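Chain naming follows the written order as A, B and C, and within any one chain the residues start at number 1.
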Amino acid sequence: MIDFTAIAEYAPAIGRGLLVTIEICAVSLVLGLLLGLGVALLARLPWLPLRWLIRSYIELWRGTPLLLQLFILYYGGPTFGFLPTSYQAGVLGMSLYTAAYLAEIFRAGFEAVPPGQVEAARMLGFTKLKIVRHIELPQMLRLVVPPTTNQMISIIKESAVLSVITVPELTLTTTRIVSETFVVVEPYLLLGLAYWSVTAMVAFGSRQIERRLVRA
Amino acid sequence: MSVLRDIGARDAAIQLRGVGKTFGSNTVLKGVDLDIERSERVCVIGPSGSGKSTLLRCMVFLETYDEGEIYVEGRLLGYSISDGTRKKDSEVQTANVRRNVGMVFQQFNLWPHMTALGNVIAALRIVKGMTRAEAEKIGREALETVGLAHKADAYPDRLSGGQQQRVAIARALAMNPSILLFDEPTSALDPELVGEVLEVMRQLASQGMTMVVVTHEMGFAAEVADRVIFMDGGSIVEAGPPQRLFSKPESPRLAQFLDTWKSRNASGSVSEITG
Amino acid sequence: MLDFTAVIAQLPRMAAGAQTTIWISAAALLCGAALGLVMCAARLSRNIFLRALAAVFVSMFRGLPLLVVLLILFYVPPNFGVETTPLTAALLGLTLNTAGYQTEIYRAGFLTVPPGHAEAARMLGFSRLQIARHIFLPQIFRVTIPALTNEAVDVVKSSGLLSIIAVTELLRISQQIVSSTYRPLETYLVCGLFYFLMSTAVSSFGRFLERRLTPKPA
């Protein structure tokens, strides 16, 4: 009843779609990490308007669906003369979305560093910048490994919505195969299997990293 | 102005003049006057909430004080006075005034991402800009002083509480301070680990280090202190040499405090600790 | 440049869409809670078959994009002679998705209850069911509120995906408004405001519950 030979000729297309998904997720993760870390560091400056701005960014981006954010960039951008390709809108949207979540994770990581450790550094003459660089940042980065790997899995799953703004990633490739071949069951099962195995692999990999960090 | 400030400060390590502090509506320090002389060993005792830890933290400006002045080695701490009004100093200026003061905390506050040696040399490298070789030489000596040279490469979570506190002392010592402050250094330790930390502190005292120790260890105070200060309700109630203070307390509050302490430590008595 | 007049005229429609979003999310969260608790019990049971089943369930629905689950639930069953409506596929998909997460939330909550509490209850003659009902559930509920709040916000946001299978919730209505007003930026910004208000309401309610249920220090 289930027969994958009907879509065998589409294997290369599916492979390309999978590669686009992985590529976009990797780029968004890296950009999101950099932006999220920058935002989390800026939020530590004692300048209230900036903190408010950052808080609003984090709350707004975490409080609305990614799909909607993509619509605003892709369909709303032209109102301001911003005409991104679907791929650009996708990467930009995913990066901003990821950065908002990571910034919040990093903030919590900073707050988890016991204040006594900062006092000890102050007593030894560390400046504020040196405290961030040598005391807070190294510990914060270690604390945020588990939530960040969770976020990675989220990114991979969320990336499926890029298909709606016609980014040629795995999900869009699959729906196109369905509409070309009228074969429904096999492509969608394959699609599910592909995501499940990628996310399961990332989950497995991150458990290994966490175990190693705990031992170190 | 600076001449005025330095008058009479030459001999004192730390001077407090009418120091007061409030948290909201709660007054924690009420006009405290105190001179810590060079090479003097002072123990501060008192019930919890008496303000003794706050007093110690004010001496290095980890807590701000609202009234009075604190001079560290003759220099006003935390504030600058210009045109008769005082303005809070920057963190860098404050750090400069207290640069010869080291602090040991109740919770050790070692940095978990560095080894014992890494903790000891971090400030030498990062703050003083020493080379790794120079810093490590000083760092190993400091660890030697506290008897932990063999634990140089261990991370804090692999050390006992007593060992962690000794590393914390080595970390303060490596900066070559002239004054060391201890904020209840043995209160977070299991009873069997208290002795090793007190031993290191005794050794420092015998070498002439200026020390201010907030503590519940009466035996240590009796043995090591030149002067014991009893605080209650945010003020110094009574001060003097431990022999007199422990055997003939003048104020009823100190007498009561010592009685309570005695009944909790049934095996020891004040006459025993004063020896 | 921005002109909201056309969109403001459509606010009642959007509010109706938001209402659909709310009730579908609430229904999915409740069904997901029931399924999640059952799966959590399976996950913690002594029966190895039940444990494996629950583990696969959790891994699957935490590992699959909701969009893919919805596509499968909506397009695959008709090929086997089972007709589906957008609404049933939507409710089922959202429920399975949140149940996967809620299972893990309850399990983590269960593990925070000290075993001594169950032992104490057993010594007083409580049955296993009574222990679960009176000792574990109240405590689990309290410690899991922050995680459940996040999950509720996630469900509200995820429900936007139902637009793909033509459920007329908030995002779908917004798309329809865009195609008649040609004002995508304004429409989607207002739509975003609706989602933001809903997520903020959910997280505020979560924090309120958390405060109410945390025992105050004497």
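Keep in mind that, in the parts below, a residue touches a chain if its C-beta (ideal position, glycine included) is under 8 Å from a C-beta of that chain, and two chains touch if they have at least 3 such contacts.
Since the model is a prediction, treat every value here as computed from it, not as a measurement.
**Q** Sort out for me whether A-C or A-B is joined by the greater number of C-beta contact pairs.
**A** The comparison resolves to A-C.
**Q** Going by C-alpha centres, which chain is most central here?
**A** Given all protein C-alpha atoms shown, the central chain works out to be A.
**Q** Roughly how many whole angstrom separate the Cα centroids of chain B and chain C?
**A** Each chain reduced to its C-alpha mean, chain B and chain C end up 54 Å apart.
**Q** Distance between chain A and chain B based on Cα centroids, please, to the nearest Å.
**A** Computed value for the inter-centroid distance: 47 Å.
**Q** Using the average of all C-alpha atoms in each chain as its centre, how far is it in Å between chain A and chain C?
**A** So the centre of chain A lies 21 Å away from the centre of chain C.
**Q** Chain A touches which residues of chain B in the complex?
**A** 60, 62, 91-92, 95, 98-99, 101-103, 105, 107, 109-113, 122-123, 126-128, 168, 171-172, 175
**Q** State the interface residues of chain C toward chain A in the complex, per the touch definition above.
**A** 1-2, 59-60, 62-69, 71-72, 75-76, 78-79, 153, 157-158, 160-161, 163-164, 171, 174, 178, 184-186, 188-189, 191-192, 195-196, 199-200
**Q** If we count contacts the way the header does, which residues on chain A are in touch with chain B in the complex?
**A** These residues of chain A touch chain B: 114, 116-117, 119-128, 130, 134-135, 138-139, 142.
**Q** Of all residues in chain A, which touch chain C in the complex?
**A** 59-60, 62-69, 71-72, 75-77, 79-80, 153, 156-161, 163-164, 171, 175, 178, 184-185, 188-189, 191-192, 195-196, 199-200, 203
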